[in-house]
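Should a chain be cited, it is by its letter among A, B, C and D, assigned in written order, with residues numbered from 1 in that chain.
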């Protein structure tokens, strides 16, 4: 474990991305393939049952599988061999029925993404609800707005929080859409030409979407997921940057609930959650670019590009998940110093001007939209 | 003009991205602001009419405006001053009514994007229709599939084309969604607190969406657009890469309609359209990453990040537009050599195996989905 | 011209990147090829002279060449044809002697880079000298240091400026090294197998380095240049970010010489140079990533990757050049408010502590290193 | 462990990047700080010895330290507390003498980089020596050159290998330069103002370079390292891409020593090493971009950007190390099929033309340069 894992792997998303989680996801695909084969009358019921029973991560030697992955540039060949080794001779021929490595890796990747999105979106909701509370509570708390880091004209802290809320809600809506419509199985057989019935069956049993056709060489889905994660991380970065600036000693308008210390300066009150959210979020744009570049795949299965997606998507899920977990904590406990806001406003050269009349209306719209989204 | 502009600025999208197009888009926003002010009873009808009349790019000195942009880090201050200089003293106070620089730049950017998406999406349709024709025409044209650049098992060229089709359709659907729902005006006044009525009015008059609240500091919309363009460029890259590989001398299964020559080798038949599409598409992932990074903005208006978006988004629209224009030409005239496919298949060690039975069904699904999308 | 070109194309580097500059650079390569051919006794003296005489950008129709570039995915074929059209029948066969398109484009690219580095490095020197002056002048000007945007312990403004100086000097040293050792001709003929004598000759006549062998398919040199530009832009971003923060209203410790105004708020004093430097610099990391990705080239000449470098490198030179021009202006005229620094320090909870004794020594080291570098 | 770790963490570099390696590197810095303090007469000899003795990773609870990192956004505070807990009360005040968190993290990062570069550069040498052998052995093995994936004119396989060699050597030279001159300690104390004697002392004891001044907020060094790793990965990508293309069934001119199998197609001979090298290398450009973006740091210590470097640099070292390990294996065992090259050449429309006379001379230059580099 990296000594700084507490920063980059905060919250619960990481649990869904572990080696064991990967292994289990691949095994879940193998189990679903057997079940689909049974449904199609191609796999005997007993064999299907035996295979499904065997698909438990705990029964496999992860280190051995990892070593095998280096021999074939895929983790599936070793897994299938090991799985065949655990079932009876009768069931053996039905293991990995009609599938190819890519079917298992891609569908497992989508399954992992779906599982990781559960805690991730839950944390987005925590963060958004906190932003909504801040927006409502500070609907009329005046503060000086700042453009290009220069004091501008009065606004309210509620409006700032409402902006955060809209960003979080928009990012969440897109991710929820992707979860429901775009995280699809990829079941195409050796060259992507398998009839769609198997894919439809596996989709139903794994709770994933069924695609028009196999997408092994047309990587729209992974990149859409990656881009939506990148957007969410970008919203977290914006929020966290705002907090570091508002918490700066000279501004002092907000404070984290649990600021951190310094190894050299006992008086420091470091904005740990904001800094950590930024540390995670700043690592995501480059990962999205990697996924976009990997769309350039060769023929029916890419030699390198596809394989570069696996670790990238896992990193992206992990870093975005960590950024969101930090953001949820950050907003949930944010201490707002309305007195300091008032002092700063009074000291501003334009501080005597009224808060624009529209601020409250905008906050109300943002809160109402959030409420509608929650109920949807 | 760059000597290689023919490659990187192919097709009609570039016309929507010129300096004059930018200037006119900003003036269109100023005109809409005057109109909105009139609608709200805040700008006299005569002033509004005069301002709208004055908002024609041809009347302004583009070079002078460009120089002014260096004095203020925004092109709007110079533009507003020049616009005020062209109207009567009575109308002058109503120019740029209630707005700030960012309102004009961001709304102009969305307008430009909407205008650029018209030829861009038309070219996607040309490309997709061509892919559909290839899919239908070659529904039963067998070829050898290749995974990791190794010959694998038989497939059909129609299935390959159907894969391209699905990629193009998915990328187009998302871009169309963004055009309709996410390209929104940004009208917030100095600190983003202007009541939404003005934004709603400007949105209606410019044909853009109206947002929940101003998004000047929450950059979800620009990045969503950028990511969708990146995905489309990625699909073009995949198609073009396939064509370069299938057109490779040793494979020889497709040929471009208008291959290019060499300055040193008269016999060369270079896949000009595919190479050019790749040259453009490969430049987009880094630009999307830039937009994602720019989401980290400070307070009510970013000092640097926001300004980095302008040129980036223009480049992205231009390069994606050029990639799509090349892809449309590429597919529209693609010469498929079914005989060579048959020869290569016969020579393959697995060439005698039958084409998977599912191939035709998958092609039909892709074609049907395309047809549904066209009618929608 | 884009309305915001004043921001993104500041200073003198842009002059070296124009369409005409590109055209002339390619013609300079053609002239050098003729001269090299003459030196090798392969081109008659009269033909060489005639070709060299003809290689003037003003004589060519740039728009026609641009159109031709779309037919061949290279600007060179049209150029060679046009050049042949301007010389006598006797000289015609000696035009483009022994060369291929890539020789001309790559060597022109290096020539353009060398020409662009002259004003660019001059601006770095202006910036560094200004930083050195600030370091010396404020060697003993105390201010509060800030870590994670929290006030920490006392330091001096001189030490901050010395840090900027070291960053600028390091980035300049590497770029100067690249200019001298790594900007090399690429003269390989059709497949990169031309004997090195021609390359050595062209290198000498164009003032570029001579490589061990042609590097048309091994893109270390372009990426090294790109990375060094990216590092320099990153140093500019750090400086400019510091200035935006120190110039923030609540801190107020520095001020730009020529702050900009606002279209909506007359009192604003916007840090125009810092914001513009950031706007440019923030666009460079993605461009460097594009160059790195383009290293993956196919066989003797890449189908897409190579062509994606051209515009990317031009953008990178332009944006880095603009960032440096802004940074030079920023530092050259920076107003330092030592009184405000003293006030902020006095108000800091740790303000009474002494400035660390090492600060002055470190400044002296940085200044001495800068002085040595200037003399070298 | 990820099931595909065999692909992305191949070779010996990963051992230097583990959690334990990080912990030990940080402890090595603490030990060196104590020693430097002793050298300066600021830490009693007994305390220094005791601290040095205590700095062994095995004595610490890694999981506890990881948890602590989440409380402070740095792994150092927990480490210092734990270290203080293991020494006598007398020695306790001298732990972490004069240092700040950043001193320990940054210097540890450089130490890790230095340690990781040992196996990494050794693998580059293995790869380069193999390329040199291929260049020498196939100095006169003719093959058809291919530009834009089209057959062009004859060349030799030796020249192709010589190109690979030059790329590997150039990338290695730059990395060796960085290892020797640019991997420097960062010892600046709380605000980067500590007198340089301590840094000089720590540098000597850890075998790292001593900088002009602390570079905690001027991140040239980490990015230079990252860019050089990116360039090396790019060279690996080029080589590996060539191998996938030359090993394509229709070309068949090279074969890996240990091709991999398929989970669905028993006849497949997949280029496992090349695909794996590409999978790793393709993930590096985005990581370099992240480091470049992180140069924009605030004041004396960045709030987010600095922290984003840690994991990024570790990933970059690991992926580049893995790409190089794969490349070394790839080249070391590459099977060259000169007969197939001759067949392909004979079938080419230009195959009867002679190999350019310069090919041999260029190979000799590349081999001589490699030999010089080996002896240096």
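We adopt the following convention: contacts are C-beta pairs under 8 Å (C-beta built on N, C-alpha and C of every residue); 3 or more make two chains touch, one makes a residue touch a chain.
Computed from a prediction, not measured in an experiment: that's the story for all the values here.
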Path length in steps (a step moves to a chain that is touched) from chain B to chain D:
1
Based on mean C-alpha positions, I'd like to know which chain lies farthest from chain A.
C
Which whole number of Å gives the spacing of the CA centres of chain B and chain C?
29
Euclidean distance of C-alpha centroids - chain A vs chain C, Å:
37
Which parts of chain D, given as residue numbers and ranges, touch two or more other chains?
73, 146-149, 152-153, 189-190, 237, 241, 244-245, 262, 265, 270-271, 275, 278, 281-282, 285-286, 288-290, 293, 303
For a test of understanding, state which residues of chain A touch chain B in their complex under the given definition.
73, 145-149, 152-156, 159-160, 162-164, 166-167, 170-171, 174, 189-196, 212-215, 217-220, 223-224, 227-228, 230-231, 233-235, 237-238, 241-242, 245, 278, 281-282, 284-286, 288-290, 292-293, 295-303, 355-359, 361-362, 365-366, 369
Please output the residues of chain D touching chain A within their complex, sorted ascending.
1-8, 10, 19, 22-23, 26, 62-63, 65-77, 79-80, 96, 99-101, 104, 189-190, 237, 240-241, 244, 258, 260-265, 270-272, 274-283, 285-290, 293-294, 303-305, 307-308, 310-312, 314-315
Touching residues on chain D, where the partner in the complex is chain B:
146-153, 244-245, 247-251, 262, 265, 267-271, 275, 285-286, 289, 293, 344, 348-350
